[in-house]
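In what follows, structures are represented as structure tokens.
You will see chain A twice below: alongside chain B first, and alongside chain C after that.
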Partner chain A sequence: MVEQRTGSPPTAQQELHSAALRPVVDAGRRFWLLFIGLGLVALAGAGAYGLQLVAGGLSVTGYNDQVFWGSYEATLVAFIGFSYGGALVSAVLRLTNAPWRGPITRIAEVSALATLLVGALFPIIHLGHPERIWLLFVQPNFQSPIFWDMVAILTYMLATLVLLTLPLIPDAAALRDHPRLGRWHRRLYGVLSLGWTGTEQQRRSLERALTVVAILIVPLAVVVHTVLSYTFSLTSRPGWHSTIFGPYFVIGAVYSGVAVVILAALAYRRAYGLQRWIDDKTIKKLAFVMVALGAAYGYATFSEITTEGFVGKEAEVELLYGLLLERFAPLFWSFIGLGLLAPIALIAFRRTRTPAGIALAAGLVIVAMYLKRILIVVPPLSRPVIGGDVGAYLPSPVEIAIVSGAAAGVVLIMLFLFRFLPVMAVDEMVEIEREQAEALASRGRTPAPQPISVSGAPDG
Partner chain B sequence: MAGPGHEDSAAPADEASAEARLLDQHELSRRAFVKAAALFGTGGFLAAGGLVGLSSLARVSAAADLDSATAAELAKRQWAFVIDLRRCDGCGKCTKGCQQMHFLPEGQEWIKVYTVTGAGGQTISLPVLCQMCEEPPCTKVCPVVATYQEPDGVVVIDQEICIGCRMCMAACPYGVRVFNWQQPPQVPEGARSASPLFTAPQRQGTVGKCDSCAHRLREGDFPACVTSCPMEAIYVGDFVTDIATNGRETVVLSEFLRTNDAFRLKEELGTKPRVYYIAGHGQDLDF
Partner chain C sequence: MARRLRIRGLTALASATMAALLSVSPAGATHHGEGIIDTVSVLITYQAATAVGASDQLAARLQLDDGSPLTAVEVSFWREVDFLGPRRIFVGAATTDASGTARVAIGTAATTLRITADFVGDEHYLPAQATRDIELPPSANQPDGDSAAEQGGSANLAVFATAMPLLLALAAFSVWLLMFGLTARTVLAIRRGRPATSTAKGERS
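After this line comes the complex of A and B, so read on.
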């Protein structure tokens, strides 16, 4: 695994190593422009939260006694959902041993961590007394979904960290002595490599550990999103009290999370010229995964609306009229059009199934799924439970600043992490290629061009 | 943590010991992996276990802080309200009396008088205060047991503990819970109290609601809404002694409820409210 320093032209493996370190060794001027721009947005968000903390509490939000949850809760559900998509892409593709996973697992794992770290701030941001959060540990009520939200999110955070760091071990060992790395990076990689020398035994242990993590993270992430949905569905409120909420949240989470992975992968491959490794085929496969999940989400939406609307219970019908025809109709149909139909169409037709088309589809999914989370939180609250007027809610400037700052924060964390970590799982890619070559050889064939290859056929 | 680079520098003459060291290292890193896997595998369980351990220190509810004798004494009253809708004209004086009693911020209502339309098209005024559910959905979802049920059936909020997550507002099917978004107004020195039975002033960033004037009930006094109702439409009663009164006339509670076909709001939810309503003729019972 030690870098061979010879005068001959670089081998495919050496090229891969250099490519994976491009954002680390030479981020480029545009990186810093983006970094500073996003940093300012994040700072504005932090300032807005400071304002909320010291200068007026939650009165700086657009919340009221009827619509007492809104953008913060929607952001919490959305961001932790994004995280789940990244973790699941990495875990499921590993478990199914999908050979095309190599170049995107690292991006998926970092996306999972970045969105989770920011999303996990919102259960605190939305509190009236954030300084009392320690009471959740000291005198918890085990019946409360909020308590289990906390347990689930913290456990899942640990799992996401492990999912990111385990595959880093061989990468750190392989890249530790890369000539273009500085002293600090070499030291960091030395620590991360945990004494890895690449023996059979170590490989077996790592593989076993990774399998355990990948297996565990699937039910864990399902639990996180089900428990999040329980915050809503374990109440008797019409529009929330629904058995579909658990799976509905889980599907929505993966759907939007895969979109984040696609967008991040496309951005990095474009910015650092990684087309040879993160090729169009890989992006298309991810796009197909996203479309399948979008179809499932559309099905769940249809199923929920039909079962509630057909029977015609008063409260549910009122809510549905609001959603489909009245107050929330513009938002709802925007979600259907931009969040379900347009992305599916963009990817279904070969003409638009291009990197640009897929990027557009993924961007639409991210925005529309955020909108959908607002539609999950707000309409059931705005309908009065006994009598009186329909409650109004518009996010305040402080809310908008905090949520925008959070979105910028996610990208900042990703940019920051990829200043230190290789953007692709180089060891995994080398291993996959070796396994495939062996499999072909054992069938008595000569190695044909690989689907995803380290040596990399030019884009097709 | 030594890497392969260090092994390269090992003296070739000492091959046996180098190999031993190499094996040692493999053993070490192998152990590191097994450890990492084990750490993760058990991490979740440990976290959960630790929390369960901590919970042995946790109180189940503030009511459990009471010694059993006090709790038993308190349980000798099981408070209930009866609202005679035939008398209510929707003047809203109960709301005002309650606001004065509790020093509530402008616009905050702990007893809301809704105007609803009955099945026959008639207009009905419906005062809604905390329904004092026997099975309160709000206390179940509070993550820190800030809202709980007292032994006499009153559901209260400890605003010194409430973290302000508003989960109880989501759970309440009667919309009686409000949030203190703003800093509540000042309260005269002598009237200040941090007791969950009577919190004045209300704490910003916490949930508030009708406390059934528990502090007055225990002193043998009437709740503010009962005394401020000019129509004498609100009765307060006790299931143990089976008596209810609106301040002027006293009735046998169970008989009063039975003979007048009293009903409760959203009975189908199983919350078992202890606030009963008496409808006039032809009124719709399902609000």
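After this line comes the complex of A and C, so read on.
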């Protein structure tokens, strides 16, 4: 039997357990409608990929001799970036022992895994002969960033999986006897709990392991995105060959990743009435993190453009002219407006700093950052390096279907995982509550008799 | 007899000259385009600095089939290195003078160099290229022979190129090992976990 942790009244703990299991035991009709709808989109994407395989490979895409990378590469960078943000939110908040992390770490970890699983498919989707992927393992080219990309992504995937799985052990033990769980779920939670009884020794082992993984995942995520940026910056192509690309990619990844966590947290709290635990304060703190990262990304963009433009090498000036004033200007200024200025403005003003305003800001960041990845990939390629025509690129319906299917796939994986896993890290939340109560008591102050989740005040 | 000897001597001289004229671009010679009238050969030489402060110099002489110099064309000089795979490092570019010679300064701590001189061709002449391994003669600017730098920038690069993937592979392997080890250890520790006793933290309070 799991020990009854102190610091919260049992009823509050039971309420928390029930709330964390709502998507598991009480998915609701809307869940299934969404699941079927997204499933159809994902199926359409899979069908489009099948068409690409049988109908001549990449000839069904908008790729051509000049623009030989496009939406698949942008999606790879974007999705790995989303994943990075999720993992980093969880790891950094855990390492800094931020007390508001409890309700959102599970959502952050699941979003990290889901986006990573789907994003990692895109190098394969780009291959004309995907059956040759095994050559990466048996005939690796150690001098290729693609090989190290694969190593980094697989290593990061393993770390993300461990970061998600370990905190599930005490949660599974706490929830396995929940009266609303079915037999199958009880059996699953019984296996996942690994005989957890909540002893000091077990808790210490788990804490130690989680700290190591959290420490490890930060440099790992930096490495993954830096190596991804090397796929571009280690070429001599103007617009790609830039020393700032490593940190630029990393900041962009966290920026868009935090936006995904915000959107996922808001969606789950609204759908399952979790406002009491995922409260406005938590969402606002995440929003401030996102805005700070947005400002950093804006600074990096400014620095990149200014450095290249000031020196004024012919090829780079041509590129910048196209980006800022000519062909790609509508897309670029849309990114600046919708992806940087609008989210910062929405969160800066108290009037718009509401859950709806923050959701809008996060949505804008996700869309605009995808657009930015397209702008990183396509314009430098459209300018020929060794003569020839200026290239044009428009994603084909097959590409659009595949990318849409992938986006639907991410949400599907999250929905699927939360049909089995508690949506909040209940044990961690109880622990945080207990630690705070102990800290207050040690300072000679009586802890306020609050329910779990600190603020406890339902918003909305 | 004397005439035969003279012909043989001329042939030998011609062979020696041709050997010295390194690597006339054979690929270019087979692709005569409209307006191209001549092939070009390239001879690379290296001249060590004779005074402190002066530069070591690479030179490439471009000449036509008849031996006349090719003037006022640009020649690029590249250093061939093995750094994470075979690569070229741009040394410099210069225009040939009246003697058909283009010169660039080079500073290196290496003892051997593999240099390629590249003429891209134009509407009158085919492209030409030559590659030459050069043992560096003593230079007024060369270190005294004991320094680590002199013992081979190239050698260091080669070691780096070999060691780098190994180090990266080792790092990745260590992380995997750490992850698996940590997970296994935690799982075992939890499985072995004592049943709650009076020392357990949860029951202290």
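Following the convention adopted for this analysis, the second predicted complex is superposed on the first by the 439 of 460 C-alpha atoms of A that agree within 3 Å, B and C clash if a C-alpha of one lies under 4 Å from a C-alpha of the other, contacts with A are read in each partner's own complex, and residues count from 1 in each chain.
Please note the rule applied: a residue touches a chain if its C-beta (ideal position, glycine included) is under 8 Å from a C-beta of that chain, and two chains touch if they have at least 3 such contacts.
Remember, predicted model here, so these are calculated numbers, not experimental data.
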item: Touching partner for A:V317 - first (chain B), second (chain C), both, neither; value: neither
item: Residue contacts with chain A in the superposition, chain B compared against chain C; value: B
item: Which superposed partner A:D65 touches (first chain B, second chain C, both, neither); value: first
item: Touched partner set for A:L188, first chain B, second chain C, both or neither; value: neither
item: Partner chain(s) touched by A:G128 [first = chain B, second = chain C, both, neither]; value: first
item: Partner chain(s) touched by A:A209 [first = chain B, second = chain C, both, neither]; value: both
item: Touched partner set for A:Q143, first chain B, second chain C, both or neither; value: both
item: Touching both chain C and chain B, counted on chain A across the two superposed complexes; value: 142-143, 151, 155, 158-159, 162, 166, 194-197, 199, 201-202, 205-206, 208-209, 212-213, 216, 220
item: Of all residues in chain B, those that touch chain A in their complex; value: 1-5, 7, 22, 25-26, 28-30, 32-34, 36-37, 39-41, 43-44, 47-48, 51, 54-55, 57-59, 112, 114-116, 126, 128, 137, 140-145, 161-167, 169-175, 178-183, 204-207, 265, 269, 287
item: Of all residues in chain A, those that touch chain B in their complex; value: 1-2, 56-59, 63-66, 68-69, 123, 126-130, 132-133, 135-147, 150-151, 154-155, 158-159, 162, 166, 173, 176-177, 190-191, 193-197, 199, 201-202, 205-206, 208-209, 212-213, 216, 220, 231-232, 234-237, 240, 381, 384-388
item: Parts of chain C lying in touch with chain A, wherever the complex brings them together; value: 84-85, 165, 168-169, 172, 175-176, 178-179, 182-183, 185-187, 189-191, 193-197, 199-203, 205
item: Parts of chain A lying in touch with chain C, wherever the complex brings them together; value: 3-6, 142-143, 148, 151-152, 155, 158-159, 162, 165-166, 169, 194-203, 205-206, 208-209, 212-213, 216, 220
